[in-house]
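Single-structure report; data block below.
When the chains are written out, they are named A, B, C, D, E and F in that same order, and each has its own residue count from 1.
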Amino acid sequence: MTADERQARLAAFMTERFGVEADPWPDGGPIVPVEQHVALAAALQAELGYTLYVYCVASHWPDETPKGGDLIPEHYEVATGLRSVGAGSHVAMWRVSVPVGAGVPTLADLFAGADWQEREQYDLVGVVFDDHPDLRRLMLPEEWVGHPLRKDYAIETGHLPWR
Amino acid sequence: MAVKANIDSGRWGDPYLDLSTYTADADLMELNMGPQHPSTHGVFRVVLWLDGETIVKAVPHPGYLHRGVEKLCEKLTYVQITPIVDKNDYVAPMLNEQAVNMAVEQLMGIEVPRRARWLRTLLAELQRVASHLLWLGTFGIDLGGALGGGTSLFMYCFRERELIMDLFEGLTGSRFHYNTHTVGGNRHDVPAGWAEQVKQVLTFIERHIDEYVAVLDHPIFEQRTMNVGVIDAELALGLGLTGPVLRASGVDHDLRRDAPYHAYDEIDFKVPIAHGGDCYARYEVRVAEMRESIRMARDLIDGLPEGPLVGARPIKTPVQVKIKSGQAYVALETPRGELGTYVIAGGDNRNASPYRFKIRPPSLHSVSALPWVLPGHQVSDVVAILGSLDPIMGEVDR
Amino acid sequence: MAVDDPGRSYSHPLFDTLERFPGLDLATTTADKLLNWGARNSLWIFPMATSCCGIEFMASAASRVDFDRMGSFTRATPRQADVMVVAGTITVKMAPRVKRLWDQMPEPKWCVAMGSCAISGDFYRDIYSVIPGIDTVIPVDVYVPGCPPNPEALMAGLLVLQEKIALKTAGLKTVPAGRPETAKMISPRIKRVGHPDRMPEIDAAQCAQAMSLDLTEPPDLLAAFTAAQAAAKAAREAAEAAAADAAAADEKGGEA
Amino acid sequence: MLQIAFGVVAAALLFSAFKVVTTRNLVHGVLWLGLTLATTAAAFVLLKATFLAAMQLLLYTGGVLTLMLFGIMLTARVEGVEVPVESDNRGRAALLAVGVFAVFAWTILNTPMPTAPGAAFSAQAIGASFLTDHLLAFEVLSLLLLAAMVGAIVLARTGDHAPPAGHRPGRRVLPARGTKGDPS
Amino acid sequence: MNPWLHGALYGVVLLAVLMTIVAWATWFERKFAGRMQSRMGPTIVGWAGLLQPISDAFKLLQKEDIVPARADKTLFNLAPPLTLFFALAVAAVVPFSPGLLASDMDVGVLYILALSGLTVFPIWTAGWASNNKYALLGGMRAVAQGISYEIPLLMAAAVPIVLAGTMSLGGIVEFQVQHGWLIWWPPGPGLFAFIIFLLAALAEGNRIPFDIPEAESELVSGPSTEYTGIKFGLFYLGEYVHTMISGAVMSALFFGGWDGPFAPGLHWMVFKTLFFFVVLLWMRWSLVRYRPDQLMAICWKYLVPASLVVLLWAAVTVVGGPA
Amino acid sequence: MVDVWAPALVFMALSLAMGVGMVVGARILAVRSKVDLPTRTVTYESGEVARGSAWIRFHPRYYVVALVFVLFDVEAVFLLPWTLNVRGLGWFAIAEMVVFLGILLLGWVYALRKGALTWQ
């Protein structure tokens, strides 16, 4: 099966089972309700053969008022990608959007690799993953204050007595 | 749920083992390996809990080289990012540049000319050979120590690697961090006589790979690597392992063939796989890949098409590289596996630089296998397993 | 012993004793020369290799450059090493470890900063987690610039270090090779080791953190640091103003 | 000369034996015991029993001492533990010591000792006596050693030492290697 | 001559010669390894780097002496001289030519075996006294490996005793001068005993492929991890002396010691010793190391029964064979 | 007797003196640190501060190896005098030793079967 066919099948599957429009495709994938995050991943893994865990990318979006639009409140967006293995390999991507303070359910029970990826995103971006088995900082020291990849974190923040 | 069942059945080690529930006849020894340790391939720390010499639990701590590259890239323009990401996977810098530029090209819809695509493929394959040579050398040190036979292997591998470095220096003028790829094509064209030089070097290396295989074909090496650090296919996929480590677990998956980019759909090559899932299988796969890459590089240098090196819509100045909005994930196959770039463009109206820039490093996934694999092994196996995963700390920590 | 100069943190009891007796100078000098010759021709390296420069460091141990020619090889433990080659970026998480490993090395010891990251932080200098130059933590003897430096450059750096060690026997003073205005340009917030403006509190805090691993910030350090920075700035401005005044006065005097 | 040498050896022996019982650190005690055993070997040399001396070094200093070291390391944490030199059982210990001394003294006094160093001490003579006069004892001894080995293994192996979960080295999860696959 | 004086004179000369040879053996090893690895080794300090060992010695002598705060200070300081002591003491009974040895005792082979059984103690002491986990693991490995390989070493060394009928090293060499080298004659047991002895000696001397106590890639530097300056130098020296003396013992036990045509006995003995030293170096720089459990398995599963069989075989050849 | 052992003792004394002499010589020649930082004498553990002492309670399996070694050592004690008597006693000596070793090898087989000699 070629990648295009896989993509078409995936779009149909998502619309049928989860009722999300694959409209912004391939622009990071559709935005899926948080409640369906784990169910979607499990279904993709078990039914469509997307077994390879690829990425977990969280991004921080502060309060923003687009020109002529309403205020978009501060939120996190977590993009996840799973890959099908073998010929015509293809990435199934989707995103979930959570307000600050809410958590994203973890995928660590389905994919062993999600453990570290989600820890890294928690460490750098600050998004919390619910039910994660071991949610600690991964890259930065334990006592670090703040999450550097948030937009309100200054890049040159000092850390005495070292810098 | 699948993960839990496999831990309970003893198929994988338990990374979340509660040591207070562990009963032993003796005290557990908490041993730090790293961050400064001869065989952790950079600054990487694994805390081991040992019962005698057997590992009960292993907790890796990355992040000793966390340089905030992703944050830095948010401040730089798309063109400025290229030399920065060189330093991530510093054993295969060429491929980092390609990953970034491919992402930008996809977001901007730029067509890369055929010659540049072939040249990129050629550089990627040469870089793969160089990277695997470095891996083989350091793996020798891991197994044989700084004062032993392993060092001899290391010296030989570096001798050959230097030749490839010379080729790159001849092409780009730089020995290590090349900055030769740019948005829409390549910066440096092939100098006169370079093709002949490449072929000579490839012949030389090919001959010497046979020597290494002959040197390593002895029982001690096999006993140290066979059945050590077995990663089965299910664990490998769940962890997101890619590249040689995944293929050594028996999964036939290679982005170059399965999701072709560059010129990989135009040339003919084989993807070696092995079924052991252990350190020896990874060694087998990497050596086979080196040979295959040398063959590919020969074909590529022979068939290098004529034409321009930058795109039909040339980007004359860096100022022109601008992306309004969009998100893209682009991946390619490095010597360590799938190196992906996730770019969120636009956002706060700064078109020239990304809003969020995420590198999906294959090495981070590789080392995340350690807590699952190490328990039950011995202290000496740690270096063999870690070495066989070929992690590059610049890429793990970024 | 002349290997001991005022900037160093070690003494030599035997030579200190001998130097008190007149007439023993010749013997002392000869013995000193011998020991110094031994020290500089057998520089065992402790590789603090963290990133890209670590690969080039390995390349300089390999057959093409091979620093075993001058008697150097790597030792994995700091206890048996003479030179720490800091090759690569040092992060905030790594810095206490570097400090500890450096202190664990026995005297006499030297440090080579290899690559721009170890020298000044390079383009990671401004990033939240990177040390802007390893010389804000430990004293550096030789800087080998480059990103990364070629193996040949590291070799040259080691030769410079040998010369530097030899100069101490000759009683000559080594002069810094850098241009002061450049140093000012890339000057980090925390002053380098040995810099007159460096706060002793910083040293103490670094040592304490390296020792305890309890990395909670000492509470008054930030305030003290800010105050000291302000004081230093004020003093500098005052000095500049005074200098300007003096210059103006001179000018006036000249005119007059 | 010989008298002086014997005096030195005997003094060293007594001193190290004294240190064995008085030192507070268990490991130090064992190493002092090593010195005691080594000086005993020296005493044997002075008594011209060279074979016995070599055996003393080989077996006691080399073997038994290792056993004691490992024994200490598996029974107790050494750091922070001070062996009490004072004991409540002084009376009983003294009684025991006197008793042991009496038995030894009686045995020594009642054993006919060769006054001159003879052939009986040489390795060959010892071997010959095993193989001819004390043959039965020699063979029974091997049974004793067998019993000791079995007993030691049974006693020291306390249950299963395997970690609760994890890969065992040597466990193969996947089919055997050897097939290098082609892209399908 | 007065035996005490003879011992002193001979001892001083032998130690001086041995130390000189060992010092330049380190130089030779670096050059040799360099050539094997297509590089040059020391070239700058002195002609062809010949002054490198002296420079290293001066460097080590002036290094600061650090005793870790949590170490057992007495034992920490005691271990390095003892390491050198046990390595050197074996040399007392090695005959370099007829009559040229410190002491031709009738239990010479036993003396060697007893002392080489003790060499693990200073190493263990060093590891334990450092209170360093790498060092302790290395020390424990050293003891386990040392005592395990002691058994095949004993059995293999018993083969020449059976064949020659004496425990004196000089006597064994004399026997070989008359009847031919024990490695060839009688065919079979001598050769196999030599192989077992070589493996066991490699293990006792902690050389690759059996150098697990100081495995640099996992245990940093093993028992000597915490040692600085000359104390580390003593470990280093002890290792080389041990290797050198092992070569001498091997050539005396199996290769006819000073026996050889054309040249004086001393020359032959030195030549054979250095030859074995080079062989051991060669192995070191071409092989990778075993894992501890594999090492123990090799000893207990194969070498111990094999050495017993070879010993009985030797006895059979003595009783029923041409001997 | 003294003729044989005295030189060996002197040689041993000299070898010990050599090691001790080097350490003492280094005491004189070595430099001393002026500042006594706590980090200087902290135990090296790859740059970390070691948690807990290295002096822990060790596992019995080390003990078993030592025990089996001692038993084989005792066996060697009986074997070495035998080696000198092979020539004299002939087949009889070999037969005796075969029986002796045979019984011991039973114990060896038991130890192997039980995995007592496996290093972990």
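Just so it is clear, contacts are C-beta pairs under 8 Å (C-beta built on N, C-alpha and C of every residue); 3 or more make two chains touch, one makes a residue touch a chain.
All figures in this text were calculated on a predicted structure; none of them were measured in a lab.
> Going only between touching chains, how few steps reach subunit E from subunit A?
2
> Can you check which chain pair, C-E or A-C, has more C-beta pairs in contact?
It is C-E, judged by the count of C-beta pairs in contact.
> Averaged over CA atoms, how far is the centre of subunit A from the centre of subunit D? Could you give it in whole Å?
64
> Could you give the separation in Å between the centres of subunit D and subunit F, each centre being the mean of its C-alpha atoms?
Centres of subunit D and subunit F (C-alpha means) sit 12 Å apart.
> Subunit A to subunit B: how many Å between their CA centres?
The answer is 23 Å.
> At least two other chains touched by the same residue of subunit D: list those residues.
Those would be 50-51, 55, 58, 62-63, 66, 69-70, 74, 77, 79, 123, 158, 161, 184.
> If you look at subunit C, which of its residues touch at least two other chains?
Residues 3, 10, 35, 62-63, 76-77, 79, 93, 97, 101, 104, 107-108, 127-130 of subunit C each touch two or more of the other chains.
> Give the residues of subunit E touching no fewer than two other chains, as numbers and ranges.
Subunit E, residues with two or more chain partners: 37-39, 60-66, 105-106, 110-111, 128, 131, 133-134, 143, 147, 150, 167, 216, 220, 225-226, 229, 292-293.
> Can you tell me which positions in subunit A touch subunit C when the two form their complex?
139-143, 148, 153-163
> Considering only the defined contacts, which subunit B positions touch subunit E in the complex?
29, 31, 33, 37-39, 53, 140-152, 155-156, 159, 215, 218, 220-221, 223-224, 378-383
> Touching residues of subunit E toward subunit F in the complex: what are they?
Contacts found on subunit E: 3-4, 6-8, 10-12, 14-15, 19, 60-71, 77, 80-85, 88-89, 91-93, 102-106, 110-111, 128, 130-136, 140, 143-144, 147-148, 150-151, 154-155, 158, 161-162, 165-167, 220, 225-226, 229-231, 233-234, 292-293, 295-297, 300-301, 304-305, 308, 311-312, 315-316, 318-320.
> Which residues, counting only subunit A, touch subunit B once they are in their complex?
3, 26-28, 51-55, 57, 59, 61, 64, 79, 81, 83, 85-91, 93, 108-113, 115-117, 120, 124, 133-134, 137-141, 148-149, 151, 153, 155
> Under the stated contact criterion, what part of subunit E meets subunit B in this complex?
It comes out as residues 33, 36-39, 133-134, 137, 208-209, 211-212, 215-220, 284-294.
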